[in-house]
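Letters A, B, C and D mark the chains as written, and numbering starts fresh at 1 in each.
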Amino acid sequence: MSCRPLLVILALVAVAQNSPLAAETHRYIPKPDELKYTFATTAPVLRLKPGDVLETWTENALGDHLQQPGDTLPADFRPNPNTGPFFIEGAEPGDTLAVRLIKIEPAKDFAVGIAGPGFGALTQTPYTPMLDEPIPERTWFYRIDRRARTVEFAAGDSDFKIKLSLRPFLGCLAVAPAMAEARSTIVPEFFGGNMDTPEVRVGSTVYFPVNVPGALLYLGDGHAAQGEGEIAGTAAEVAMNVTLQVDVLKGWRISTPRLEDDTYLMAVGSYRPLEDAMRIASRELIAWLEADYGLSALDAYELLSVAMESNISQLVDPNYTVLVKIRKKYLPDPSSTTP
Amino acid sequence: MSCRPLLVILALVAVAQNSPLAAETHRYIPKPDELKYTFATTAPVLRLKPGDVLETWTENALGDHLQQPGDTLPADFRPNPNTGPFFIEGAEPGDTLAVRLIKIEPAKDFAVGIAGPGFGALTQTPYTPMLDEPIPERTWFYRIDRRARTVEFAAGDSDFKIKLSLRPFLGCLAVAPAMAEARSTIVPEFFGGNMDTPEVRVGSTVYFPVNVPGALLYLGDGHAAQGEGEIAGTAAEVAMNVTLQVDVLKGWRISTPRLEDDTYLMAVGSYRPLEDAMRIASRELIAWLEADYGLSALDAYELLSVAMESNISQLVDPNYTVLVKIRKKYLPDPSSTTP
Amino acid sequence: MSCRPLLVILALVAVAQNSPLAAETHRYIPKPDELKYTFATTAPVLRLKPGDVLETWTENALGDHLQQPGDTLPADFRPNPNTGPFFIEGAEPGDTLAVRLIKIEPAKDFAVGIAGPGFGALTQTPYTPMLDEPIPERTWFYRIDRRARTVEFAAGDSDFKIKLSLRPFLGCLAVAPAMAEARSTIVPEFFGGNMDTPEVRVGSTVYFPVNVPGALLYLGDGHAAQGEGEIAGTAAEVAMNVTLQVDVLKGWRISTPRLEDDTYLMAVGSYRPLEDAMRIASRELIAWLEADYGLSALDAYELLSVAMESNISQLVDPNYTVLVKIRKKYLPDPSSTTP
Amino acid sequence: MSCRPLLVILALVAVAQNSPLAAETHRYIPKPDELKYTFATTAPVLRLKPGDVLETWTENALGDHLQQPGDTLPADFRPNPNTGPFFIEGAEPGDTLAVRLIKIEPAKDFAVGIAGPGFGALTQTPYTPMLDEPIPERTWFYRIDRRARTVEFAAGDSDFKIKLSLRPFLGCLAVAPAMAEARSTIVPEFFGGNMDTPEVRVGSTVYFPVNVPGALLYLGDGHAAQGEGEIAGTAAEVAMNVTLQVDVLKGWRISTPRLEDDTYLMAVGSYRPLEDAMRIASRELIAWLEADYGLSALDAYELLSVAMESNISQLVDPNYTVLVKIRKKYLPDPSSTTP
C-alpha cells in the first residue's frame, strides 16, 4: 500500500478548516507534577482525534532553576521535562503519526545555555570517560527579542555580544518507544525523542512510527536557537508556547522519524556511532523514495549521492542525531510514478 | 603571533592585481604519466610563489574509462588521479598554505557516477566487511549544461530525469602529509586530500597546515554535483579546468583544513568514527575563534553550540569527513578584539 | 568510605553458612506469564535479604520455540525472557548489589543457535542498515553432555561435528535501570543486562550499581557456550537452573558492573561505539584500583597498560560489551594500602 | 587454490633444518641512520630467501632517550624506529608472507613506559580532541629479570612494586602497504604494522598479504609486557634481540594479518571505529575456515559465535587493533575436508 504525505497534509489542513465534525482545538497546560521525564507507555493527559489541533506549553529543559547569573541547578535536577503524552485516536502499531507544527514561540524573553562536566561533545562524559580534568561549569543568558526575531549571545569572558536569528524549535518530539521500553527524555532514538534537530520547527510535519495504541505524543525542550551539533550540550533553552495538529496515516509504515516541509523530504537517524545514525537516516530516505516516488533503491541511492543534504543535529545526547534531506523539486511526481 | 585571514585574502587579491613584481600566472596541464595516485613528498611539477595564479586541469576520478553506458573500469583501475604537486616557495612546516579557488569548470559535457560492491555508505566495504550479498555494480551518466548551470540525473530503472544545479568543486585538494607519509589519493585526513567537501568551490579559500618545505599542493576529483554524504561512493565525476591562487601565511599554525568565504569561517575534520571527525572540526573552529577573534575557548564553545552549521561531507572514504561553519557576521571584529 | 569486596565475599559465605537468623534459601520458578521482557522498576516476584540464597530457573532466550530442525520462531516472538525481578532488602541508590553465582547448569540436553537477517555482527541490522541482501536465516542444534561437560556443534552444510567445552553462564544479569528507564532485555548498559559476558559464570561475583530501592535483580539468557563477540548474534542458548546468593554493599558506589573471582578483578562496559565500551570498562577498573587498592589514577592507568586483559564479550546487541580484567596477584594488598 | 598453513610451517622447519641449499641464517644489526620511521616501498637493507633465518635487533620505541627518571624525550622525537625492510625473494602481490618468530628477547635489563598528553585511550588525542585539561606526562621504569622471567612495575605515587610475567613480543611487524602508501610506524592496518598484539610472540607464525615485490618486512617496538588495550599508550618498551624465519605462500591470498601457533588460528583487524576492527578480524577468520577447513561461511560464522576468543590489542594508535582466535582442536582436519 502506498500513501502520499503531501496530499495528506493538504487534506489535513482542509479537514481542520472545513469539516463540520472533525477538527477540534484542544488546550492543555501541564501542571508541574504532570511533567514527564521518560518517553513511556503511560496514562495520557488528553485524547486527540486525527485532524485535531493542540495548543500547549513546554517547560524549559533546565526547568525554572536558572533565572539569573549565579543561579545553579539543584542536586536532584532532572533535565528535559516533557508535556504529554497525548493519545491519538485510531493510531495503532504499524501506522504513522503525523505532527504538523503550527506555532513554536518562546514563552519568556530570555533563554539559558549551560556547559560543564559530564555532557557536551568536547568534554568527557559517562559514555566517553577519560582521565582528563573536565571543563568547569558555565552559564550563559540570552536575551530574546520576539519582535525583532533575535536571540542575543553575550560572552562570559569579554564584552562581546551578538544578535543571532531567533529560530525556535522543539528539541524533543516523541512517541512512546517500542518493546515496552521507557526512555529518559534526554534520549533520541527510532521513536524520535531528544533529537535536537532544528528542522523540528514551524512549517515542518514530523512523522513517527506508531509503537503502541494511541501513539502517545510527547513534546518539550524548546530551543530559541541551536547550532547543528549542539556541541556544548545545550542550546538557547526556553519554555515554549506550541500549537500543532495531528493526523494518523493508516498502514504507512516507517522505521525512524521523517519530516517534510514545503521544500524538503527529510529523515532522522539517532544512534551511535555517528556513522550508524547517518546510515539509518540515509537508508530511511531511500526507502521513502522507493515506496512513494517510484525510484528503484539503487536509483534513489545514486540520486541522494549527488543531491542529498545533511547535518549533524547533535553530538551530545546518549544517541547522536543526523538529519538528511532531499529537495522535493528533484523528485518524481509522487502521484504519477507510484503505481 | 596572530594572523587575520580575511585581511590576508584582500591582500592576496591586491597583490595579484597590482604588484609590479609579484603575481605571475602559470599554466600546467598534466600528461597522463604525470598524474599522481598518492599524496606524498615527491618532486614537484612546478614551483609557485605566494600570490601566483595557477591555471590547470584535473582528470576525472574514474579516469577516462567510462564514456558511455556499458563501459567498465579496467582490472588495474586506480581512482582519483591528482594533478601536482606544486611547490610553494617560502612555505615551511608551521606555516599555513592558502589556496583561493577562482575557477572550477567542467572540462566535459557529461559526468559519471558509479555504485557497486566494496565502496559506499550502505554496502559492505573492506573497512566494514559483512557476510551479506553486496549490491551490484551500476553506472549513471549525467548530462552537463554549462550555460544553464545544470547536471541532469537519469534513472537507470525508470524514465525519470531531473536537472540538478551545477555546483562544481574539487573532491581532492591536499598538501603532502606529515611524518613522511604517502597516502592514497582516496584518503582524506589532516592534510586535506579526498575530503569530498562541496565547500571546496569557487569563492572559498582553503587553508592547509604545511608539513614539508614547499607544502606540495595537489588537486583532483572534480565533482559537477555532490550530495552531502556522497553515500553511493561517487558524485557526478568529471574532469575540471581549474584556476587558483596560492599564498603562504607565515607562522599561522593550524591542525586540519580550514575554509573561508564571504559568509563563513569553516573547519574540516576527516577521521573515523564520524564523531571524531566532528570533534576534530569543531575543536579546530574553536581554536580559530580563540586565536584570531578574541573569544575564550568556553565562549567559543557556547557560541558554536547555538550558531554553528554542519554537514557530513562524505561517509565513503577511508576516513569520513565533516565540515562545520559559523557565519562571520556572528563573530567579533578580528581587528578590534585580537590583542 | 572504602569497602573491600574480597572480605565482603568471605563474610557473605560465612553469613550464609553460620548465622542463626540471616541466610535463608528461597526457591522460585517463574510461570510463563511471569517472565519479563524489560529491565524495569516493577513489582518484584520475591524479596531477598542480604546473604540469602536463591534457587531459580531461566528460560531459553529463544523461548521454547525451537525444539528440532525445521522449527521457526513465531511472528510475535520476543527474545530474552528474564526471571525476576527480586527485591533485595536494604539496597538503596548509591549502594552496590553483589550477586555470587553458585550454580548455572543447563536444564535441557540440547541448546540452539540461530543466525539470520537483522541481527549479528556481520550482517546489516536496524542499527547499521545497508542496501545489501542479508544472509538467510539458519538454525543449529547443540547436544549438551552434562557429565562429559561438552556441547556439540554440528555443521549445517557438511558432516563436521565437534565437541566444545561446556561453559555455562548467564547472558543476562541486571538490576533496574536508573532514571526510571525500562529497557528491553536485549539491551546491556550501565545496569548490566544483556552483557553476554562469559565471565558471568559460577565462581564469579557480579557487582551492580543500585538505581532503585531493592535493586530489582533480573536474570536470564543462559548460554551453554559462547564465543567472545557472539558474532552470529546468539550463543548455544538453553534454559538454566541457577543458584545465587545476594549481598548489599552499603555506600560502595560503582558506575558500571564489576566482577570478581578468585583470580581477577573485572569491569564491564556496554555502549557504542565499541571504543567507548572499552573506555567505560577501563575507566571503571582504574576507579576500583584507586578507591580500594591505594593506587593513584596514573599508576593504575600504567599498571593496566602493561597487565590488563580484555575481551569483546559481544558485538551484536543494541550496545556492545567489553570486559577488562587484572589479576589480583598484581595488585597491592587492599587491607594494607587503603587508608 | 588451497593452501595449508600448518603443513607449510612444518615444511618451513624442515627446510630450515635439512635442505642442503635452502636455509641460510643472516645477521643484521641496523645502524642508527638505517632505522625506519615509515612502512614504505623503499630500498631493502637485506634480501632473504624463503626458509632463511634472520637474526636481528630492534630499537626501543622511545629510542634511547629515557635512561633514568628525569630524562625526557627530545622535541623532534619520532617514535617506533623499525628495523628493515627485508626483501623476501619470490614474494609477489597476491602471495602471503609467513614470518615464524623464533626468539624475541629484551636487549636491556630495563624497560620504560610513558603516559601523557596527546596519546592514550583515556586522554584526548589529535584524533579525539576535547577542551578538557589533559593528564600530565609521567614516566615509569621497569626492571627486567630475564632469568626469573619477570618485569617489575614500580608505582610513581606510592611504594608499591610488583613483578609481572615477562612476555616479550613485537609491537610492530609489517610489510609495505598497498597502493604505494607510506605509513608512519605508529600505524597498524591491513599491512600489519603497529598492531601491538601480544600474540606476535615466539611460537607464533604471522602471515601478511604481500603488496609489493619482495613484501618488504619491517619489525620493531619490542614490549617486555603489555596489557590488552595498551591503554596508557605505551607498554614496557625495550630494545629486542630477534630471530625469525620467513617463507612465501604462493597464491595464498589473505586480506589482513593472520597468526597461527600450536593452539590457535588467529586474525587481526586494525581500523576505526573499534567495531570495524572486530568485523575485519572476524570476517577474515571466517574466510580462513571457509577456504582451508571446508566449512561453509554460515557454519564458520556460527562456530565462531560459540567458540571464538577475542581481545582488544590496543586502543591507542591511529587505528585500533582487535585479535580473534579459534582453537585448532575445534576445527575440521584441513587435509580431509578441503577439496
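Assume contacts are C-beta pairs under 8 Å (C-beta built on N, C-alpha and C of every residue); 3 or more make two chains touch, one makes a residue touch a chain.
Not measured: the values here are computed from a predicted model.
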item: Fitting chain B to chain C on CA atoms, where both chains share a sequence, rotation angle to nearest 5 degrees; value: 180
item: Farthest chain relative to chain C (centres taken as mean CA coordinates); value: B
item: For chain B paired with chain C, centre-to-centre distance based on mean C-alpha positions, whole Å; value: 48
item: Whole-Å gap separating chain A and chain C, where each centre is the average of the chain's CA atoms; value: 35
item: Centroid spacing, where centroids are CA-atom means, of chain C and chain D in whole angstrom; value: 32
item: Multi-partner residues of chain B (at least 2 other chains); value: 122, 128-131, 135, 272-273, 275, 279, 283, 286, 298, 301
item: Partner chain A, residues of chain B touching it in the complex; value: 113, 115, 120-122, 135-136, 138, 140, 142, 151, 153, 155-158, 160, 162, 164, 225-236, 272-275, 278-279, 282-283, 286, 294-296, 298-299, 301-312, 315, 320, 322, 324, 330-332, 337
item: Contact footprint of chain D on chain A as seen in their complex; value: 122-124, 128-135, 273, 275
item: Residues of chain C touching chain A in the complex; value: 37-38, 40, 78, 126-131, 179-184, 190, 255, 271-273, 276, 279-280, 283, 286, 297-298, 301
